[in-house]
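As written, the chain order gives the labels A, B and C, with residue 1 at the start of each chain.
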Amino acid sequence: MSKEPVAVVGIGQTKHVAARRDVSIAGLVREAAARALADAELTWADIDAVVIGKAPDFFEGVMMPELYLADALGAVGKPMLRVHTAGSVGGSTALVAANLVAARVHGTVLTLAFEKQSESNAMWGLSLPIPFQQPLLAGAGGFFAPHVRAYMRRSGAPDTVGSLVAYKDRRNALKNPYAHLHEHDITLEKVQASPMLWDPIRYSETCPSSDGACAMVLTDRAGAARAPRRPAWMLGGAMRSEPTLFAGKDFVSPQAGKDCAADVYRQAGIADPRRDIDAVEMYVPFSWYEPMWLENLGFAEEGEGWKLTESGVTELDGDLPVNMSGGVLSTNPIGASGMIRFAEAALQARGLAGEHQVERARKVLGHAYGGGSQFFSMWLVGATPPDS
Amino acid sequence: MTREEAPARREIAVVAFAQTDHRRTSDEFSEVEMLMPVLHNVLGQTGLRTADIGFTCSGSSDYLAGRAFSFTLALDGVGAWPPISESHVEMDGAWALYEAWTKLLTGDADTALVYAYGKSSPGSVRDVLTRQLDPYYVAPLWPDSVALAALQAQALMDAGDTDEPALAAVAARSRADASANSHAQLRGPVPQGDYLVRPLRTGDCPPIGDGAAAVVLAAGERARELCARPAWIRGIDHRIEAHGLGVRDLTDSPSARLAAERAGAFEGPVDTAELHAPFSSQEVVLRKALRLGDDVRVNPSGGALAANPIMAAGLIRIGEAAARIHRGESDRALAHATSGPCLQQNLVAVLEGDPR
Amino acid sequence: MPEVLKAPLVVEFPFTRSVGPVQSAFLTGLRERVVLGVRTRDGRTLVPPVEYDPVTAEELRDLVEVAPTGTVTTWAWNHEPRRGQPLTSPFAWVLVRFDGADTALLHALDAPGPEAVRTGMRVRVRWAEERAGAITDIACFEPYEGEGAGEDARVGRGEHAGGAAAGARHSGEFEDAISGIVAPARLDYTYSPGRAQTAYINALSGRRTVGERCPSCRKVYVPPRGACPTCGLATAEQVEVGPRGTVTTFCIVNIKAKNLDIEVPYVYAHIALDGAGLALHGRIGGIPYDQVRMGLRVEPVWTDGARYPDHYRPCGEPDADYETYKELL
């Protein structure tokens, strides 16, 4: 039994900002969903099911908010699923939705992910005062910085690599109207002069807190044939998980990430990702994760990822552009960040990314991860249907 | 629209089910300590190991636990190494089973492990569930889950659909049936008690407690290898309604009816129905919406009135219905799960055993 | 089995909710003692006004004003009000269909007892004395003896009191309209860490670090969580580790965290205690922050009354060779 090919025919995002004070949570998600429908030239009645994702409910203080959002997303009378796989959730949500089409359960599915961080404070949500536990001794970056140091030790990467990534992503964001940070006066010197928060991570190498939502309309071959604009086709998709903390865990290059990528490449017939994949939207919350993931995803040998960054390969006009949209470093509505990666990959494959479009982007990888570098979700999308 | 006519959909069955003994409190165990024996049990029934499982999916709630990312620690009980293909819904485990069912339909996996757990004992679940409500107009009033169910019960009484003695009979039948269910929390005669929120009495309300459940799904021949009499999922569907109680007819459940229709429940009679009706009055709504006659054995396990571990209670309905098919006590059963205030969201599965 | 630990866990936050235009109009209206609804394209009037049509999903923006009186469509007597609920003495929860509306609003009804409440009874808004633009600006409903009193409105399935009676259009514009609400939320939990972590914490009080060994892979987990996460098996065999250990990696924290009283800069490190299968986290002291390095050998420094070591300090041993701890990174 073969799977139904899955096409992305509609994509919508909000303009991501620190605080969307003009809309409710429903208004925020509605904006992204309405834009995705408009892109696909579909109405609410054309949608068979809704799959929604977000990070912990404590961030907005609404338990299972999809119950309240059913009306705003036109889900009344339809199936509605809510996914939560930590930071990878935006990607996982898209994959759950894609499976509904691939399994021929539904023809056309709306998938959406969001976070309205301004309703509370993510650090509060992440550090509830659990009794008996040792208090977190450092902020969000304190979790990641030791792993970055471990990577630097292993790879021998010069300590400027992180700033190169941040400088690139923030410049890319200037070409993306939906990106949160638009730092028009950014210079490499400014990135390198920004305060060292969690040495080796500088302020400019960290992601912002954003309010935002991202939505996609996924459909089958029949739906794609009716689509007004070019679809992107899903060529492979996978999720992998490993435990939070365990003896032998490799935080720098987790096995679950390698396995997830290998599964996607197998499905998509990718023999050499460096050669066969044209661009990547990867989940880089702190700049150093770009070289780390380049290795984890098989674009470079272990210890060599930073060389791609340093030599300009991952620039927008490079040989393997990474985070053309500006990435998580420029936009971070936590639960939506993974779906934005997936959606931006699809935009590239459709040739509709506008100013940050990569020429001849035929096969593009979208990548998300979360938890203690333990949950991974990825998809590879292309300009042509699978097996064609 | 839903592709009911899709050709040769893969056959998928529930091949094993396990649950904890549900109790008012389980504070001697962490969530993973509570969950792990159930996972071992369900894998043991099939002889499968974690590495043999094609897909794993779970359902739980951070709000119940009072901690963000609580599900990440539960994963410790699975033994996710080497890494596994895995997902999680912030919903009752019945919806995790639905996600796993779609995964198996794609052909990407032949077996799936589905689990769910919930500890209601650490918090005040009546208050916790208020956080599910419209955050602008309703949640600031803190209307608790019993109060909302009581509004629904009164609407049923006003409509002449039920009365207090009828509700008491539902409660009594459920606990009497539960006396044969060693996992149930409330078994045998339970006094109807005083009003909790009138017109609902303590007997009309579910026990508050902790528990976990797990199911193994398998496709086609794999199911027959793993289980003598697989419980084939002939159809499964779920639907949601508008959120506001004031815009809904609380005496009806159009979403349950539609889900049942899409799951094929009305295409033939069922002999058994496991309904996720935490309140006695909700069984009245569901029986009507699902067109269950008096000849259908409803909640032989005792249902959610006998044990209601939130986030797992819906999955347990599917597991109980499947287990009856496994044991040859049912040939065609309906299983139902619900989520949200006053039955806002409903899932229906139709399970069948091979002819005997 | 020794008694497990338990402690209260309070999850409390004042959420700041932006409300959007329709909800802003409704909530600001309440402040001004005006009840607004919203009209759907097919002529229904929804009170409270929602942003999106629950039937068609259309965006709704056409506001109308309705009278602050209405009819109870269902009710439930709450003899034991809970924290945060509208009234502190016994009251009825009610769904009230405002005159001119097709849908109902959930709130409280102040009545002397359940015998005084019935479906179909007429009620009116009792306004809160101090109003800020929130649903609680309606203090509650109260029985209404005025116009229409004594003659219950009919309430039945599918019957609408609204339609033609719906009120006049309203611009929804008010002076100083609210754009958001602050919604404080507090939930009280009793937290128990379970068997394995209780044993770990109890051992810490004797300044000993005790992990648990997996019966299958033999790795020692510190802190133990009751399961070997790679094997999915229960752990039980207790193994004391440390007290010395190796800094596997670290960062230098230069920004003060809100909830921590530690002077910056300081070093936050991953420390693999001798005999443990993985690293735990701690602060490094007793050495200038810029001299901390991977491989540094350390020992815990305890302070009276603290559950965890205050920090770890160099123990004077030579640095560990990278090869000895690279698997623990």
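In the analysis below, a residue touches a chain if its C-beta (ideal position, glycine included) is under 8 Å from a C-beta of that chain, and two chains touch if they have at least 3 such contacts.
Just so it is clear, the model here is predicted, and its values are computed rather than measured.
Novice: Average the CA atoms of each chain to get its centre, and name the chain whose centre is farthest from that of chain B.
Specialist: Most distant chain from chain B: A.
Novice: Centre of all protein Cα atoms: which chain's centre is nearest to it?
Specialist: That would be C.
Novice: Between chain A and chain B, what is the gap in Å from one C-alpha centre to the other?
Specialist: 32
Novice: Measuring from the mean C-alpha position of chain A to the mean C-alpha position of chain C, what distance in angstrom results?
Specialist: 26
Novice: Could you pull out the residues of chain C that touch at least 2 other chains?
Specialist: In chain C, the residues touching two or more other chains are 9, 11, 15, 17, 19, 23, 50, 54-55, 183, 185, 191, 193, 197, 228-230.
Novice: Give the residues of chain A that touch two or more other chains, as numbers and ranges in rising order.
Specialist: As it turns out, chain A has residues touching two or more other chains at 24-25, 58, 60-61, 71, 76, 128, 130, 243-244, 246.
Novice: What parts of chain B, by residue number, touch at least two of the other chains?
Specialist: Counting only residues that touch two or more other chains, chain B contributes 63, 66, 73, 75-76, 80-81, 128, 131, 135-136, 139, 242-244.
Novice: Provide the residue numbers of chain A that touch chain C in the complex, in ascending order.
Specialist: Touch residues, chain A against chain C: 19-27, 30, 44, 58, 60-61, 71-74, 76, 118-121, 123-124, 127-139, 141-142, 145-150, 153-154, 195-201, 243-252.
Novice: Contact residues on chain C for chain B in the complex?
Specialist: The touching residues are 1, 4, 6, 9, 11, 15, 17, 19, 23, 26-27, 46, 48, 50, 54-55, 73-79, 82-86, 93-95, 97, 103-108, 114, 119, 134-136, 155-158, 181, 183, 185, 187-197, 225-234.
Novice: Under the touch definition given earlier, write down the residues of chain A that touch chain B in their complex.
Specialist: For this pair, the touching residues of chain A are 1-3, 24-25, 48, 56-65, 67-71, 75-86, 92, 95-96, 99-100, 102-107, 125-126, 128, 130, 238-244, 246, 254-256, 259-260, 263, 371-372, 374-375.
Novice: Which residues of chain C touch chain A once you look at their complex with the stated criterion?
Specialist: Those residues of chain C that touch chain A are 5, 7-11, 13, 15-21, 23, 50-57, 59, 179-180, 183, 185, 191, 193, 197, 201, 217, 219-221, 228-230, 248-255, 257-260, 262, 265, 268-270, 277-278, 281-283, 294, 307-308, 322, 326-327, 329.
Novice: Can you list the chain B residues touching chain A in their complex?
Specialist: Where chain B meets chain A, its residues are 1-3, 6, 8-10, 56, 61-63, 66-69, 71-73, 75-76, 80-91, 95, 98-99, 102-103, 105-108, 128-129, 131-136, 139, 237-244, 254-255, 258, 339-341, 344-345.
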